Amino acid sequence: MHQSPTMSKTSGGNYFEDFVLGQKLRHATPRSLGEGERAIYTALTGTRFALQSSADFARSLGLPDAPLDDILVFHIVFGRTVPDISLNAVANLGYAACVFGVPVYPGDSLTAESEVIGLKETSSGKTGVVYVRSVGRNQRGETVLDYIRWVLVSKRDPAAPAPDTHVPELPKAVSPESLSVPAGLSLESYDWALAGGDLAWEDYVPGERIDHVDGTTLEDAEHQLATRLYQNTAKVHFNRQVAEAGAFGRRIVYGGHVISIARAASFNGLPNAFRVAAINAGGHVAPTFAGDTLYAWSQVLESHALPGRDDVGALRLRTIATKDRPCEAFPERGEDGRYDSAVVLDLDSTVLLPRRR
Amino acid sequence: MHQSPTMSKTSGGNYFEDFVLGQKLRHATPRSLGEGERAIYTALTGTRFALQSSADFARSLGLPDAPLDDILVFHIVFGRTVPDISLNAVANLGYAACVFGVPVYPGDSLTAESEVIGLKETSSGKTGVVYVRSVGRNQRGETVLDYIRWVLVSKRDPAAPAPDTHVPELPKAVSPESLSVPAGLSLESYDWALAGGDLAWEDYVPGERIDHVDGTTLEDAEHQLATRLYQNTAKVHFNRQVAEAGAFGRRIVYGGHVISIARAASFNGLPNAFRVAAINAGGHVAPTFAGDTLYAWSQVLESHALPGRDDVGALRLRTIATKDRPCEAFPERGEDGRYDSAVVLDLDSTVLLPRRR
Amino acid sequence: MHQSPTMSKTSGGNYFEDFVLGQKLRHATPRSLGEGERAIYTALTGTRFALQSSADFARSLGLPDAPLDDILVFHIVFGRTVPDISLNAVANLGYAACVFGVPVYPGDSLTAESEVIGLKETSSGKTGVVYVRSVGRNQRGETVLDYIRWVLVSKRDPAAPAPDTHVPELPKAVSPESLSVPAGLSLESYDWALAGGDLAWEDYVPGERIDHVDGTTLEDAEHQLATRLYQNTAKVHFNRQVAEAGAFGRRIVYGGHVISIARAASFNGLPNAFRVAAINAGGHVAPTFAGDTLYAWSQVLESHALPGRDDVGALRLRTIATKDRPCEAFPERGEDGRYDSAVVLDLDSTVLLPRRR
């Protein structure tokens, strides 16, 4: 790009050599969330979980209002970080240690900060992996989200010296003790039929696989609306010219939109998984484009009681999303360790469900 | 579909033989409606009725806030019923006795229940007609919508025995006595110019026909956003792969979106029809697809004073929507009883208008 | 079009000979704006200005809530005027003297009025230029927007006599004294990092040019949603059949959507331009269509201190938007006075920024 003097007022994002271990970044654009975001998120994903859909239902469980969808909160916090962290990212490599904190209610205002917790130049010398821990907080300073992600970022100048390599230790999964149950939540009067069925925490067994059945075809207008709603500025999602010059020749759907669609689909099979409490690990296996039809299935990995609660339990799930391939055969990695060509997402999360009483 | 043991957690919807006369269904996913739904509905339909557009206008008429659009309320209640009633529907055959109750205001939370009031297996033995009466209620238990619809539903097992045939008697139209005027509504200070013109109830004469003129071209992203906003899960609207394997080879627009577009268009000619009070009958004549341009016209069928009110009157309307055909020639059924090939909707509704004072 | 007796109930909009100098029009459809409009506007444009994005940020500056985006307010007021002013417009020729008044907060209800301040039949005798001054007000009667626009409108009957020509004198720019700073605004605790950077009013120098870098590809569903959100009824934006019969053969993007996209892009380079205070002049150079990728750049024309304020300054900007052409070379008019073929918008506006303290 032509570097005119005036370019200095325009941010082109950070490159690999701009990051320093221990560096802290306060991200721009504080953001309020409200009924508008809730409604658009429903229109974009079709999500049907009762707790996030009805203020009256939420109040019947002791909450002050219907909390906003956890994955929506993830996207909003993630969106703040993009201009500073991943504007020059080649790939979003993974997530870990993602814990959802206090619920976000309509009217809350969020901000986000990140710390660089790891750096590793790649062997090519043209890119490097940046590990960041990002924290989203509400207007009272309470943590709503805390997560690590690592991205492959271009170097501005391939000749820039490599930093000392530091790769942080990443937990394989968020421990059950670290999961947050919304304050005030009481499941005594939980209305199973209204929520979508009588499947309780006890009904799910590790190893069990669930096909979420329903497929969703994506349109460019839809994923662009979603990604702009999150004020995520990554060019490959919005700019046809940039995308056509790239490796895939067309706009790439924000990977987080795929997570949202898979989470919404999981209502069919997990209707009472009322909260995503953690994302343990996972990432985007392949890009998704407008016209693709997304499907998803989940496997129960672990089942955990929660300390001090006999009304809520946790399930650790592996959710795989595919494009243009229904999931009744549960496509995943083959014996050679390679993913089935239809797989686009492999996500390890922990959800909360009511226990049978 | 492969029936794995785990499929039992996933709902594939009810088939004809699953329904029993008198069966009651409490539908899942309670739903709050607010300013977000109002705004998206405006963006999706362009509706311009003053009462639903301005809280200040609504307050000038004695209401606490601008009520949400009646047809939006219809879609929300309808959406609740889809997973239980019509996930395996071949066709949505008709509506009757649809009465709008208390207005829905931002912040209200709706739930829906249905009762099976009729069953009739078709001669092929592969499908059957299910008649349901569905009722939507707010968080105070007040009825916001009460309607009958009948759908042609597939049998899971063609060999399943036919139930006793029971076809309910359906009223030809909702009686004027059954129409609900919003509590507290006073039209004394109705601002005709602000609402869109001086056309009062008295100005419309039975037999009169009105071309609503304006055409609207539909996009896949639009009808998908609308249908997901209503949490309507019918596959043919969202899943390109399922749709391409079906009779029409492409995604079908939710018929309710066509009703919304026709209602919005009717502002041009009926600007003061401030409320849809009833849907008497009607149905979807032909499917609509992305790329189609919708037009509409209405005929005044009847004009009714309302008992005890000298400020409000009712008009029974027949509204026909077409695709790719402007309506200045009022296309409808020909002398042979067959619809003009452009017609997609034939709806019999009752709207309320201010009387001239 | 067939003129049946019933056509009289349908508005086809005013033609040139319907306008009279001094005529006042109260426009239909009063409109409340709220969190829903804010969220959709963000989803449609990706705008990232802190003041409009976060209620908490707005409160830290002494305001009661986050005001709605100024350009959104412009579109809402503009939308009211379309059915009366420009339904039969051939072209939207220009804007002038556009001053933004009191901020619009969620819950406010707007109405709009216009006065015909100029008329000039064109030499062809088939069209004429109509100059209107339009004013938007909130529910307390306070002015939120006051602007002049002129449009080329068709005559219904080319034989209709020409009115006396009256062309109003238009100010070249809104004077700094006329600019409105939101009541109660205090920038003492302005959080520069949170807002997007430390660029203050003092950092911008007349003559300086800023490439806003980021490109946005438009979809039909997106501009249709935007334009309907504003209840703007111009047929060329929505009706594929009408558009295909027109000069361009396809639906034209509402020019205001281009202004919104350019304003959102300007965050990159002008992150602290927290308010659009005026649109001095400008217009739409060429039409935009779905599939086009929009870019923008700005030139600082003037810098003004504001009377009585040492915390806020104003910049007069010229913003040019292009389609399918990145702006690092600052495309504009050539020496022959003709615009570069990529230019679609040339807008002269005044924005407010915090001064360094």
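A, B and C label the chains in the order they appear, each numbered from 1.
Just so it is clear, a residue touches a chain if its C-beta (ideal position, glycine included) is under 8 Å from a C-beta of that chain, and two chains touch if they have at least 3 such contacts.
Because the structure is predicted, anything quoted here is derived from the model rather than measured.
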Pairwise touch network: line, ring, star, complete, or other: complete
Residue-number overlap at the chain B/chain C interface, same or different (half cut): different
Chain B and chain C, separation of their C-alpha mean positions in angstrom: 36
Touching two or more other chains - residue numbers and ranges from chain B: 34-37, 39-40, 219-222, 225
Chain B residues within the chain A interface of the complex: 1-2, 4, 6-7, 9-12, 26, 28-32, 34-37, 39-40, 106-107, 109, 111, 139, 219-222, 224-229, 231, 233, 235, 238-242, 251
Residues of chain C touching chain A in the complex: 34-40, 42-46, 48-50, 53-57, 66, 193-197, 199, 203, 208-217, 219-222, 225, 268-271, 291, 293, 324, 326, 328-329
